[in-house]
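We just call them A, B, C and D in the order they show up, numbering each chain from 1.
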Amino acid sequence: MNQSNSNYILTASCPSRIGTVDVVTRFLCESGCYISELNSFDDELNQRFFIRVEFAQEGSGKFDEKAFKQGFGERSKAFDMEWELTDKSYRPSVVIMVSKYDHCLNDLLYRYRTHNLPVDIKAVISNHEDLRSLAQWHDIPYHCFPISHETKSQQEAQVQQVLDDSGCELLILARYMQVLSDSMCEQWSRKAINIHHSLLPGFKGAKPYHQAYDKGVKLVGATAHYVSSDLDEGPIITQGMANVNHTYYPKDLIKKGKDIEALTLAKAIQYHIEKRVFLFNDKTVVFERS
Amino acid sequence: MNQSNSNYILTASCPSRIGTVDVVTRFLCESGCYISELNSFDDELNQRFFIRVEFAQEGSGKFDEKAFKQGFGERSKAFDMEWELTDKSYRPSVVIMVSKYDHCLNDLLYRYRTHNLPVDIKAVISNHEDLRSLAQWHDIPYHCFPISHETKSQQEAQVQQVLDDSGCELLILARYMQVLSDSMCEQWSRKAINIHHSLLPGFKGAKPYHQAYDKGVKLVGATAHYVSSDLDEGPIITQGMANVNHTYYPKDLIKKGKDIEALTLAKAIQYHIEKRVFLFNDKTVVFERS
Amino acid sequence: MNQSNSNYILTASCPSRIGTVDVVTRFLCESGCYISELNSFDDELNQRFFIRVEFAQEGSGKFDEKAFKQGFGERSKAFDMEWELTDKSYRPSVVIMVSKYDHCLNDLLYRYRTHNLPVDIKAVISNHEDLRSLAQWHDIPYHCFPISHETKSQQEAQVQQVLDDSGCELLILARYMQVLSDSMCEQWSRKAINIHHSLLPGFKGAKPYHQAYDKGVKLVGATAHYVSSDLDEGPIITQGMANVNHTYYPKDLIKKGKDIEALTLAKAIQYHIEKRVFLFNDKTVVFERS
Amino acid sequence: MNQSNSNYILTASCPSRIGTVDVVTRFLCESGCYISELNSFDDELNQRFFIRVEFAQEGSGKFDEKAFKQGFGERSKAFDMEWELTDKSYRPSVVIMVSKYDHCLNDLLYRYRTHNLPVDIKAVISNHEDLRSLAQWHDIPYHCFPISHETKSQQEAQVQQVLDDSGCELLILARYMQVLSDSMCEQWSRKAINIHHSLLPGFKGAKPYHQAYDKGVKLVGATAHYVSSDLDEGPIITQGMANVNHTYYPKDLIKKGKDIEALTLAKAIQYHIEKRVFLFNDKTVVFERS
């Protein structure tokens, strides 16, 4: 295949019924598009269909996104499909929120700097000054909005202003140690990813490594999930884990957990950007890559 | 969907060109078949297309395999497709070859006995008597064909006779410690799976755990692969591994490796039966299930 | 070293203070014992010391256990040590309790049969008849004591009778789906190991795989722990895990989890028998072998 | 225990004989030292004993290293011990060599910057300019010594000068893509760690990910080992691995492997610094921490 053309990802989801795959693949075929990878799944308990297709238009002509969307929109209407067309070269605008821990931020910025995380990082926002120089070395604007019980809503307004100004499409909470308000969770539903430092639903809330130590578990982990107004209850995207033993005091668990937290968050973001993640009924379908 | 009907798996492979997915999915749609899972992959370096579809016919009528095959055969002819239709409830006839080690055999028989390995085990063949009672407790015929340098070709004829008589479709070498002849390898090409107790291509040949010990590696593993006439060089289906350290002498590696060998072989067989494995250019495409 | 003599394991635990290691190692040296492996750990938060030593007496004389115990008892008295001397060749008497699931039982019996689990299995007890033939093929007495709400205490008396008669030293709950009474938990404290099919403390109680499915987790696991009267709250010995995804319905999680449950239980038993596990404050210190 | 005093690590190795543990532990006890962790191992095939002890002197007095060394030296003489006393707070001087890939360097510098890698990085040396700004942001001198076939020995002299000037105690090859000369390997024997991007002994030499792709393996890995004059044959310290499948072209394997390479190298360095690694007969004994 001529792979010099742009590559696209088409994702769609709808109630289960016959013809769901066909309506997608026939349209692609008729549009002269070559499918390089396709995954579909039918959730038989929820009667819900999910599909993800990577494709490229054959030939030398420019791909007409508008015509594609109009055409596919008409075709798929009868299936009540939620669908999205994504240019694989598109890099969504991202804002990262942090507090004082820098392991996730450092990992994300490294991937970004080396072109291994195809996003456009518009800003880093923190409630502390600590990580300013790290952001600045990467030429990324850093906003420090301190927070106190009294100023919480005001601080969120500042945050929201940055998100609005930067055209943020994905908000990443990279060990941001504050709870977002319900309204903010609502507004960023499906568009905000958090990393929690435990294998949820175990050890929700504060100090999960201390909870893990008290419980004497033999493995710890991290969970990347979409943010929801129920703290640490949002839809899980991916999880990672590491073996530990009795020689790990809480401070050691905290240290050991950093690598797995950073890797798990990066993986979730990658899956999100590559449109591998579908949300349905507070759970995810993830066409992951092993 | 009405899942009371039989479920089928359609697998196909052909040179890459536009319309490969469409020719499959359109035919399924027009035949009233609902797709519950689909995976396709286009190998862009080899310009080769692979697809695996699970589907069920809608409605109350009986699925007409013959008509389906004829219809799809005509449709797909232009694509030079190699394809196969498999009834998900079909249990292929299997023969297992062993020597004295029983961990893989025991594991396979357990899965078979508890209906977790959808095969029909026709016979166990060994060059030793040791595992007869294990096979017999599972009501499986056990053939002991001793082997010596002089009797090798004669012994293989005996083996082949059992394979022929039993209508064997898949030959499993579950730690069979003899090398098959080239002609036998040829004949069972793509239809014989071996488990080797190392992470191939490391430690080919005899006593891989002793080789691993001498080398001081910190992890050992097992490789399930299709048998080929190049010893331990056949296409790899799946691999498993386990951490070890300096306290593991060769006898300990042998002991520790048993679990991972059994799990890796069982996984490969499961993938083979579920038609998740494609062979091309001495390598595999495996639509694995994480 | 002359390893033809018996090998022994000495384990001890006491409050932290200077000289704890020395009192052990000096006595061993003076007794002509060669240490082949030693691990000690000092829990600095709990000010508690743990030590495990494998040793063999040098020379051709027979090891005098009684003299050793008397001598070490006197030496260690000042340290308020809890200690134990174990002959490595000693195989403790074990009783296994099951219900209908056989994957853990099958795995344990296989290891037992092939001399990879150094125990003496005295009996299998179940509240169902299903697994009788499996036990019998291994020549192990099988007791079926059905249970109902009314007969629970009576059934436990029957169980206790078997445990008493067999001189049971370790009770293994290999997916026994009944809750033991508080008094029974009390009596078998530190001497009963259970396998729970989740990563505790997540998903306690009934149907953990269904809970895991509902929650949409991306990895499932198993926890082997000592039985306590708080259901699924006993000290954790070891945990195992496996990756899963959206294609796993509860029935698939149940099936996938079987391997990890069996491996995790077997590992915990091995650690227990090899005296690698210490209990303190409802948690364990485990000198595990990677 | 009073942990305010300095903590020390004593490591020793000698031929196996009775009393090896005792000579260590008795001296520590008599010197008023409290042992917080001890691991010993006796290699029964090689008749070699290894021990590692973490301890702290009790009380308020300053630990007299010189007296300790003199005293222990005398005591241990009869055992032909190789031994070393290490202050846990000591940070060895380190030089890192790189070429163009920065993932390992970035990871090491991050751990260094956040005080999670207790070394003193004296310099980064490269044969290219590419990674200068990364080193400089961490305030570490960067030396670029280009290399060609003609200038190889001259370049090594430059490298050696930096190592000498900086008092380098550990040389880290963090994806340095040049082969060191035999004499340099000899000189830095036991003091230079390399990361190779395969599971050695598989895929030695150049382009291991391409080799892995051609072979169709289902898992890739990384090996951290001491440098020796036999390329990629030095004693293995630790290994890491990651699952891959048919969708990974060589460029994807390269990308995926970066995380495991960085983690594996960092782990090996940590083990080396914490004196967990012993070398004997071209293999290692590693008292690893799970």
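Methods note: a residue touches a chain if its C-beta (ideal position, glycine included) is under 8 Å from a C-beta of that chain, and two chains touch if they have at least 3 such contacts.
Chain labels with UniProt names: A, B, C, D = Formyltetrahydrofolate deformylase.
The structure presented is a predicted model; accordingly, all values stated were derived computationally and were not measured.
Trainee: If every chain is reduced to the average of its C-alpha atoms, which one ends up farthest from subunit B?
Mentor: Of all the other chains, the one whose centre lies farthest from subunit B is D.
Trainee: Go ahead and note the Å separation of the Cα centroids belonging to subunit A and subunit D.
Mentor: 36
Trainee: Taking each chain's centre as the mean position of its Cα atoms, how many Å separate subunit A from subunit C?
Mentor: About 41 Å, centre to centre.
Trainee: Tell me, which residues of subunit B touch at least two other chains?
Mentor: In subunit B, residues 37, 41, 44, 245, 247, 288, 290 touch at least two other chains, as defined above.
Trainee: Drawing the touching chains as a network, do you get a line, a ring, a star, a complete graph or other?
Mentor: The chain contacts form a complete graph, every chain touching every other.
Trainee: Taking the complex as given, what residues does subunit A use to touch subunit C?
Mentor: So the residues of subunit A in touch with subunit C come to 41, 43-45, 199-203, 215-219, 221, 235-239, 241, 245-247, 249, 282-286, 288.
Trainee: Along subunit A, where are the residues that touch subunit B in the complex?
Mentor: Residues in contact with subunit B: 1, 3, 16-22, 25-26, 28-29, 32-42, 44, 47, 51, 58, 288, 290.
Trainee: Which part of subunit D faces subunit A closely enough to touch in the complex?
Mentor: My answer: residues 37, 102-103, 106, 110, 114, 116, 137, 243-245, 247, 255, 258-259, 263, 289-290.
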